[in-house]
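Here's the structure we're looking at; comments come further down.
Each chain gets a letter, A, B and C, in the order it is written, and its residues are counted from 1.
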Amino acid sequence: MSRVFSTSLRCRLPFLLFLFQTSLLLVFLLFVTYDEHTDAAAQPSHVDHAANQLYAIFSLFQDIQLMLLVGLGLLLAFMKGYGFSAVANNFLLANFSTQWALVIQGFVHHSQNGKIRLGLYNILTAEFAAVTVLISAGAILGRTSSIQLLLMSLCEIPLYVACEWVTVSYLQAVDVGGTITLHVFACYFGLGASIALYRPGLRLGHPKETPSYISDLLSLVGTVFLWVFWPSFVAVLVQPGDAQHRAVLHTWITLSASAVISFATSSLLEKEGKLNVAHLQNATLAGGVAIGAVANMAITPAGAFILGIISSLVCILGFKYMTPFLATKVRIQDQCGIHNLHGLPGLIGAVGGIIAILLVPDEAYGHQLYQVFPPRAPPLRNITMEATSVGENLARSASQQALFQAAGLGVSFLMSLLGGFLTGLLLKLPFLAQPPDHLCFDDSLYFQIQEPMKALSLDQESGDFRLPLKLHISSPCDGKAEMKQEN
Amino acid sequence: MSRVFSTSLRCRLPFLLFLFQTSLLLVFLLFVTYDEHTDAAAQPSHVDHAANQLYAIFSLFQDIQLMLLVGLGLLLAFMKGYGFSAVANNFLLANFSTQWALVIQGFVHHSQNGKIRLGLYNILTAEFAAVTVLISAGAILGRTSSIQLLLMSLCEIPLYVACEWVTVSYLQAVDVGGTITLHVFACYFGLGASIALYRPGLRLGHPKETPSYISDLLSLVGTVFLWVFWPSFVAVLVQPGDAQHRAVLHTWITLSASAVISFATSSLLEKEGKLNVAHLQNATLAGGVAIGAVANMAITPAGAFILGIISSLVCILGFKYMTPFLATKVRIQDQCGIHNLHGLPGLIGAVGGIIAILLVPDEAYGHQLYQVFPPRAPPLRNITMEATSVGENLARSASQQALFQAAGLGVSFLMSLLGGFLTGLLLKLPFLAQPPDHLCFDDSLYFQIQEPMKALSLDQESGDFRLPLKLHISSPCDGKAEMKQEN
Amino acid sequence: MSRVFSTSLRCRLPFLLFLFQTSLLLVFLLFVTYDEHTDAAAQPSHVDHAANQLYAIFSLFQDIQLMLLVGLGLLLAFMKGYGFSAVANNFLLANFSTQWALVIQGFVHHSQNGKIRLGLYNILTAEFAAVTVLISAGAILGRTSSIQLLLMSLCEIPLYVACEWVTVSYLQAVDVGGTITLHVFACYFGLGASIALYRPGLRLGHPKETPSYISDLLSLVGTVFLWVFWPSFVAVLVQPGDAQHRAVLHTWITLSASAVISFATSSLLEKEGKLNVAHLQNATLAGGVAIGAVANMAITPAGAFILGIISSLVCILGFKYMTPFLATKVRIQDQCGIHNLHGLPGLIGAVGGIIAILLVPDEAYGHQLYQVFPPRAPPLRNITMEATSVGENLARSASQQALFQAAGLGVSFLMSLLGGFLTGLLLKLPFLAQPPDHLCFDDSLYFQIQEPMKALSLDQESGDFRLPLKLHISSPCDGKAEMKQEN
């Protein structure tokens, strides 16, 4: 496709990024100021420094940054010749999206007297927004230029903020770990975009789409990073105290069950019982996606266990049967299988939340019931309870709350799928440097590859997996070789 | 050996894991509930959320998870074609063992009214138990299937809990960093199993047992991860305040001395003074093993320094002279050299603890003496001091305490060696998918290896290191090639 | 050069390291004791354990260790056959330098009654000193033996302590994140040494100086580690509360702007707009270097943004135009481009500090003005304010303070350049195992490379990049092959 258009990033990427940074700098100059935790002048003379918000979130914030930039970067780098793109584009996209979300969320949520008030908390919530873009990008990884991904971010972030407002602020669905607002939204936005960007030429796969031994190993290490710090991600926005402790505990249990069940299921379904590393790279995390909707609820440790078992089972079944089906019959290509890791477990978690709201008795929460479910609090119950957003203290019953959870899920699903599809159409504009089919999954299109490899590729005649064999030994190079040769 | 038996994991691994998870789920459903830090209903109406136990351990807990899953996983991945097995089996084994320990320790230590009360603290102590399995597995790495390792875990965890009860609860030996109860126990359990699993066919080494350049480098990075977070591991269970601070300080000093001495010793002992990366991967951590027994004692910074120097010296001497001796003369194969990293430094640390107890005057502890040595407290000394376990307030003298330390060491040594040997005999059962000699150290036996490599291996005729040379360039592949050819 | 001298580390490295550790152990035995946070006997009977200094710094300390040992180690490992040297020498050098700084800083800053009082805080500040050595080493990476690097550390650490004393204690320049005292100092010390160690034979580059695909990818991951934890590095020594929060916020903003601008600039300047990974590995961090001098000042979020943009722009321009100019015309070889990452952004940050002091009105600091600028406090203003070092409470005006900042920058620049040059001359002593030109950038000179590779190299006849091509596929090996053949 689109071979007549240039794939050069020159001018395009610099233009987009410089324009973005200049605009953002203008916004910062005109509208951004410190919040009460970062403004020196706002501190009383005998301030308690230890109470600064920094100390409640900084350590978890660092964990989450490590997840997104190292963990997810490595996880995405599973293809033999697409490691630079995976790690570097993820890095760029995370920063671009977080900055963009800082501004959008700033005007929507943190504005006071026309000024955005800024502290680390803003960056944290902006990173949550950025995560949606990073997940969505997984569906179209390798088939899109960085320019397309950045454009997607420009569209997705405002929609995420809008959708989160409807779901959490307006409908008052509870979702501390972002199962509905983040994972489900990101997944169906990505799939929507993927539908629009369908490439028949890649229907039967692509020779560069395979991992090398070492890239697959690094990707597995990326998974482990994500697995280790996932509790921080789920718990960071939970109320402090027992609720946050429960969130950490549940997340660990569900992840651990997912890990064990992933090995079992992969071995069961694959030829000769040999483990499929791609299954392990994804399904071990599935429980972490599902738990977000119920992390602070009193679902009991066994509840978290069940969620982990089901999520990873469904995730691997998705990889084995649904992804090929979607790709071949429904024309939805899903490069990293985000539907298996974020879509299906997200739906499971959302449904789990509804069940938990209906089944767990109010007594299980004691004095904490209205902390966990603010919309269930009676109006003006307690003068000291601060109003955190619109529509609180609605005195909802459990079944009413369950209904609003379902509504939130529906809104998130529909808005993201439609928004993603429209964004995907936009990404088909011809001047966005998208790679032609035969140069997909190939770092050398957008990155300088060092001399010895270039030298190598000029003399090679390969692209065939049997001959000459030496080429297939070292993974990143043969990708290069093929590509050059095809030119 | 055992060529007549299948090496397929199919059915076996899924059966074992599904059975395990189902049983565990049943236990969770019937017996597991929240503890006072995670139970919402147990919180008083004006609870101080900042006092929740979560905040005292979460950050250290994450450090330790990173050590075990990323650090140790990479460290074990030093062989050229055994990276998937190293990282993934370590991941599986850690989760399996922690879950198993959660239940065993739950019934023994955290049971109340027939219910196991669960918080993050339980997971933390269960991970300590799991570490013993991960260490022991190092002795038989590459020669065992994941099924064998899981079976070992089933045996080792209960024995660890029993041994720890005898050593710490009954004998009241002090061992905050697990030198005696964890490192010594894990080492001799692993060696015991290794004796039973001795393979004469591997006496002269194995062609796939070597690292590749990149696997060796990643393994070194794994060591650095372990080195960085080791202070968290040693200090996490120490009393807060000066004692925990001392543990961190001592651990850093001893690790730093170990690091420097490792370079010196390796260069001194090796041909042309060229550093041996395997020495650096292990001996730089040796001091961390030894310090556990004395981390909170007032051994002075110089004491920690000495411990680090001796431990890494002995560790490298062990690699150079003792491991080959054990393997060839005593028929104890020790794949990762756990005797050098955990056994010998563990013994040194345990003896160091005895010396410290005898030499450091009581005055060095001031008001903290009975915090550091609970069994030395006089009976009923202080009504406010909580009884932490059986047999406290024994008014022991320093030399009595020293005697009980020695007894604890002896118990740990004997129980683990015997238990490990018996477990090893069990692991010889013929249906556990153990690899035949020529398929040891080979990922492709249990993992799907991607297409290009398979294609490659079909055309190769190698297994010999001289011919054809191109095969030896990229490490993970030639392992594959050899293996296929031998089939 | 120096081909007649042995390059063997044997005896030399062990001798130096054992001598160093023995001397240090003597110092520890005679002069080192616990500080008030680690000494059990110094604790009052009802001490508040939570107030122990450990809890204010431990988590940040771990972040910084991860940066230095994993992040920087991987970043330096970008060359195809120099990964062991990069990671291992960085590890050794960090420990050696921190230990050495512990003693020097101990006698200068933490001595009481002739005893050095030791806690984690000392190790933290000693690691800051060690960072200067690690940065300086970047200028001469691959052209020096570990013995030369250790000798450099012996010279650089005392000079750093002296220079920091002049700049911070005597001139009372403020520099919370070490822009002037650490980055500028380290850069010009390294360049000074590089001038003295100029090698005409490497003027036109070296065949082994190139990255392989995988080493370049790992190096990029190292950058991401540094990027993630950089806020911890800048903020750890800042006053707690709003000032520390500001430091974290500013650092994140500046790093994020640097990241985005790096992609834009690299694409703009390079052929076909293809991104240069080396640019991304460095320029994404440039803002973090610059922000150190102003991190706690009220520069507004926009100010941090501007600093990030300028720093990364200048950094990439430096890589593109200045490094080649320096190498070919001025005879300053700068292997890792430390002048671009630490020198130029350091100067920008120092100038930014002066501008901020002159432009930001005192009111922006409210009650915190004298916390941020201690030398601006009036004499004896407040009896409760503790005197932290010589020369405080000087009642300086803003412009006076600006002048002293400039003086501090000048001192740091001159002392480091001169000191570095003299140290470089010392490193030319003939018995320091420096590699001959053709064995630069080659792990196999100082590390044992495993058997299969050795076997390989014996049969090869290469060293030429065109023939035989298979050799160039896997990067670490061909380096080896060439080296052996040349011997």
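One rule holds in what follows: contacts are C-beta pairs under 8 Å (C-beta built on N, C-alpha and C of every residue); 3 or more make two chains touch, one makes a residue touch a chain.
Chain by chain, the UniProt names read as follows: A, B, C = Ammonium transporter AmtB-like domain-containing protein.
Given the structure is predicted, the values throughout are model-derived calculations rather than measurements.
Residue numbering at the chain A/chain C interface overlaps only partly, since under half of the positions present are found in both copies. Taking only C-alpha atoms, you rotate chain A by 120 degrees to land it on chain B; that is to the nearest 5. Note: centroid distance chain A to chain C, computed from Cα atoms, is 33 Å. Among all residues of chain A, those that touch two or more other chains are 59, 214, 470, 473-474.
Contact residues on chain C toward chain A in their complex (touch as defined above): 59, 63, 80, 210-214, 216-217, 220-221, 224-225, 227-229, 231-232, 239-246, 248-249, 252, 256-257, 259-261, 263-265, 267-268, 270-277, 280, 284, 298, 300-302, 305-306, 309, 363-369, 372, 465-466, 469-470, 472-475, 478. Residues 8-14, 17-18, 20-21, 24-25, 28-29, 32-34, 37-45, 47, 49-50, 52-54, 58-59, 62, 65-66, 69-70, 73-74, 77, 81, 83-84, 87-88, 91-92, 95-96, 98-99, 118-120, 123, 146, 214, 218, 445-453, 455-456, 459-460, 470-471, 473-474, 476-477 of chain A are the ones that touch chain C when the two sit in their complex.
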